[in-house]
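What follows is a pair of complexes built around subunit A, which joins subunit B in one and subunit C in the other.
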Partner chain A sequence: MTVRQTHRWYGVAAVAFFAAAGGILSSRPALLLVGVVGVGYAAYARLTTAPEVSLTLDRTVSDQEPPPGSEVEVTVELTNTGDPVFDLRVVDGVPPGLEVTEGSPRLGTALRPDKTATFSYTVEAQRGQHEFGAATILARDASGAEERELEQATETTLTCIPSLPPAGPSIPLRPQTAQYTGPVPTTSGGAGVEFYATREYRPGDAMTRVDWSRLARTGELSTVEFREERMATVVLVLDARQSAYRSDSEGTPALEHAIDAARSLTTSLLGDGHQVGIAAFGAEPCWLAPTTGEDQRAAIRRLLAIHPGVEPTPPQSQIVVSRRVRQLRRQLPANAQVILLTPLIDDYIATIAGRLDAYGHAATVLTPDITGGETPGQRLARTERGLRIERLRGNQIPVIDWTPTDPLEQALGILRERQP
Partner chain B sequence: MNDIDRSPARTSAGIAIIAGGFAIAVVSSPATTVVGGVGVLFLLLGVVRGWRRAVTIGAFVLFLGVVYAGLQNAAAEELLLATAGTVIAWDVGEQSINVGQQLGRSARTARAELVHAASSTIIGVVTIGLGFVVYTLATGGQPVTALVILLAAVIALVAAVRD
Partner chain C sequence: MSRVRDVLASLGAVLVGLGFLFVVQPGLAAVLPIPRLALIVIGLLAAVEGIRSVQRRRGSEIVGAEPPDPEFGIETDAPGDDFDARIARLSTRRGWIGGDFDRVENRLRTAAITVVAARYGLSKLEARERIEAGSWTEDPVAAAFLGGPTVPQPPLEVRLRMRLGTTPRFQRYVHRTADAIAATWEAR
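Right after this comes the complex of A and B.
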């Protein structure tokens, strides 16, 4: 609690005294009265002091777990449990990740003892776990000469976990060699459904795999091999450094687009039977080991919404990305491939994609394009990003360049056409 | 949409202009009307644009008009009312700016503003009452010196009473 003087009355008294002095010098008693008024106000400012404030704060939200984009009404009730306050100003601690869409989280009022002042405002729900901060209370005396500032806290949390889309576009995965059967085509023949090659019969081959028609035609015993299809282990890696919070022209941060894409990919990848995990280069270490199933779907949904590593507000501290990358390398299963979701607005993150790929984790880059083309600076950033994409493609790393105003499906389709 | 409109609060701004107009209206000197009018224009500029300095300059010019009337032997009650009006115009005008800065225009602030303006007005009325009583008692032939000493005594008293 701090008390400060606003000094707002100093000038008034001084000017009034000058007038009074003028009255004395010119022997005009009436003008001297001007000085009396000045003294009156000076006394008023001096004798009133900022009241001791004793309040209770109560905050209610219309929905503690709202769906994203919905309007949530926040109602704040302040009850004066102490002396009357003539000038009470309240600024509620709206979480940084929420935007006030209607009304104002601020109030100016006078509050008698045992009376309650209520105000409400509307925020738009966004993914994340939003904790309301303490309300700042400013109490002034009636003259405004002294101001007391204090904070009044009450715990309110708004948790908004967007659901995953029911269906998502499938992403072309990199060829993979893993032990589980699944839908990723490999470059080795074996058990599968698609014809791959025929080879000479070797003792022990299954009877069903013998090419009987060929035996009938030529008398040679041969075995049909099918393309082996295997389940992939995919880790979606989110770039959540400060730079990923840069917004596109509509004000949506690149990270939000990346998370949208991650939601769609989670649905399609899990739906196809792949093992999916999540990692992020963000404020906090973020890792969810890849696995399959409904529980994993729920875990990813929750992580993408409220994990502190992918907070909706930019991290305050500098992130040491190299440490996050080292951590990720330790955590990644040997056979895992990574899909790096990044706006690709610096060279460093492109290097990381290349490095992960070189370490044997086949990398794919999905990059939401948030660059603009209006100013020369924006055009430069756009060109540089284009060069980074070309360089990655030159290193045999598939890049999905996605303009977030278009459906993700479209960008994935272009990649499918690029790949033979 | 994220930016808060921090322009001055409307209620106080209106009251400040009314108080300034009142200060001009109660003094019958035409010179005061002209000088005071300029002051009120500055005041208006200040409370519309949120310029504290314009409010202060406006109130000061208005006050100069009142002092001029005093030098021209205007009646004591006119001077008392005009001075109080000027002080209230400045006080409420500044209040309108600081409420605007701290809470913004979209917040509900009328109650705090009205209470502030009302208490300033009450102080004005009380001071005028006291001043007028002293004036009528003291000017029954007594010299200005008596009033000066009385004023000095009041100042000393105010300075002595610390919170």
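Right after this comes the complex of A and C.
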């Protein structure tokens, strides 16, 4: 609690004393009276103190687990359990990740003992676990010369977990895969469905794979090899450093677009039978080991909504990304490929994509384009991002340049066309 | 402390009451034999207190709580806004302040070299030479900003306009260079 003098009556005291002095020295009672009235005000301001405040705060929300985009009504009840307060101002602790769409989270009132003041406002639900902060309360005496500032907390949490889309566009994966049979073509021949090559017959080859027509034609015994198709292990890596919270012209941070894309990709990859995991370079270490199945789908859905490593508000402290990268390298299965979701706002993240690729984790970069073209700085940032994309592509790392106003499918289609 | 204050406040209230009584019944004032000299002293004391109040007011600001503005959620910059803000902060009408100039120039030069190399299919070294010679862009201001000593200054008319305009000169140089780089990239 803070008690402070506002100093707002100092000027009045000066005027009062001068008037009184003038009245006395020039023997003019009227002037003296003006001074006396002023001195009265100043003395009152000096003598009164801000009231001791004793309040209880009660906050209720219309839905504690709302769907994203829905309106949630927040009602705050303030009860005076102490002395009367003439001037009470309250600002509720709306979580930074939520926006007030209707009403005001503020109240100014006088409050008698045992009376309750109520105010309510509406927020729009966004993904995340939003904890309401303490309400700021200001109490002043009638003169306003002294004010008391305190915080009144009550626990309220709003949790919003968006569901994963029922269907998502499939992403062309890099040809590096796990040992299980699945839909990703490899560059090695073996058992499969698509013709890959023929080779000399070796004892032990299955009779069904002997090239009988060739034997009839040339008399040589040979074996047909099919392209092996395997299940991939994919880790979606989210860039959640401060720079990923830069926003597009609509005010939506790049990370939100990246998370939208991650949701769609999770659906399509898990649907195709791949193992999917999640990692993030954010405020907190974030890792979900790749696997398949419904449980994984639920775990990813939850992680993308409320993990502290991908919070909807920018991290307050500097993130040591090199440490996160080292951690990720230790956690990644040897055959995992990574899809890095980043706005590509700086050179460092492009370097990391290259490094992961060089370590043997085939990397693909999916980058939501949030750059604008209104100011020279924005145009320069857009150009530099374009240069980073070119550099990555030059290093054989596929880049999906996605404009979030277009469907993700469109950007993925362009990548498919680029690939041989 | 508060006891002393209460006593003084009561005394003050009694005196003010007495004063009002004298205003209503001036005849009563004659009962108190206050010499003229004492009145002058009281008047001067009031004047001194007035001066003290003025001094105290001058030495202090009106203070008050600054409650937060929680309505608007998070607001973050678009990419490049930090660059604009830094340029606006550092370039004043008197010239460039602070030591960040090299960083800004380096960033523009690095971007220009890569863009020129990509646009004209040159090596980095050739692109650097072209920028040094000032022949990479048609904008004389951008060419002069990144160019070597052999690159001519922008035409007198352009320089005059930059001097007379409201935007600081350095800011104009940086903006035009950034735009020339972006234009070269888009035209590739």
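Going forward, the second predicted complex is superposed on the first by the 394 of 420 C-alpha atoms of A that agree within 3 Å, B and C clash if a C-alpha of one lies under 4 Å from a C-alpha of the other, contacts with A are read in each partner's own complex, and residues count from 1 in each chain.
One rule holds in what follows: a residue touches a chain if its C-beta (ideal position, glycine included) is under 8 Å from a C-beta of that chain, and two chains touch if they have at least 3 such contacts.
On a predicted model such as this, the values are computed, not experimentally measured, just so you know.
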| item | value |
| --- | --- |
| Overlay on subunit A: subunit C relative to subunit B, clash or fit | clash |
| First, second, both or neither for A:G11, with subunit B first and subunit C second | both |
| Chain touching more of subunit A, residue-wise (subunit B, subunit C) | C |
| Which superposed partner A:T109 touches (first subunit B, second subunit C, both, neither) | first |
| Partner chain in contact with A:P96 - subunit B first, subunit C second, else both or neither | second |
| Touching partner for A:V224 - first (subunit B), second (subunit C), both, neither | neither |
| Which superposed partner A:Q378 touches (first subunit B, second subunit C, both, neither) | second |
| Which superposed partner A:P343 touches (first subunit B, second subunit C, both, neither) | second |
| Touched partner set for A:L47, first subunit B, second subunit C, both or neither | both |
| First, second, both or neither for A:G386, with subunit B first and subunit C second | second |
| Which of subunit B and subunit C A:I24 touches, first, second, both or neither | both |
| Shared subunit A surface residues [contacts with subunit B and with subunit C] | 6, 8, 11, 15-16, 20, 24, 29, 33, 35-36, 40, 43, 47, 89, 91, 99, 104, 106, 138 |
| Residues of subunit A defined as touching subunit B within the complex | 6, 8, 11-12, 15-16, 19-20, 22-24, 26-44, 46-47, 49, 86-89, 91, 99, 101, 103-104, 106-110, 119, 138, 142-144 |
| Of subunit C, residues touching subunit A in the complex | 5, 9, 12, 16, 19, 23, 39-40, 42-47, 49-51, 53-54, 56-57, 60-65, 67-68, 70-85, 87, 108, 111, 114-115, 118, 174-176, 178-179, 181-182, 185-186 |
| Contacting residues of subunit B [partner subunit A, same complex] | 1-2, 4, 9, 56, 60, 63, 66-67, 70-71, 73-76, 79-80, 83-84, 87, 90-91, 94-95, 98-99, 102-104, 106-113, 115-116, 119-120, 123-124, 126-128, 130-132, 134-135, 138-139, 144, 147-148, 151, 154-155, 158, 161, 163 |
| Partner subunit C, residues of subunit A touching it in the complex | 2, 4-8, 10-11, 13-18, 20-21, 24-25, 29, 33, 35-36, 40, 43, 47, 89, 91-94, 96-100, 104-106, 126, 133, 136, 138, 147, 149, 243, 245-249, 251, 253, 312-314, 343, 345, 370-373, 375-387, 390 |
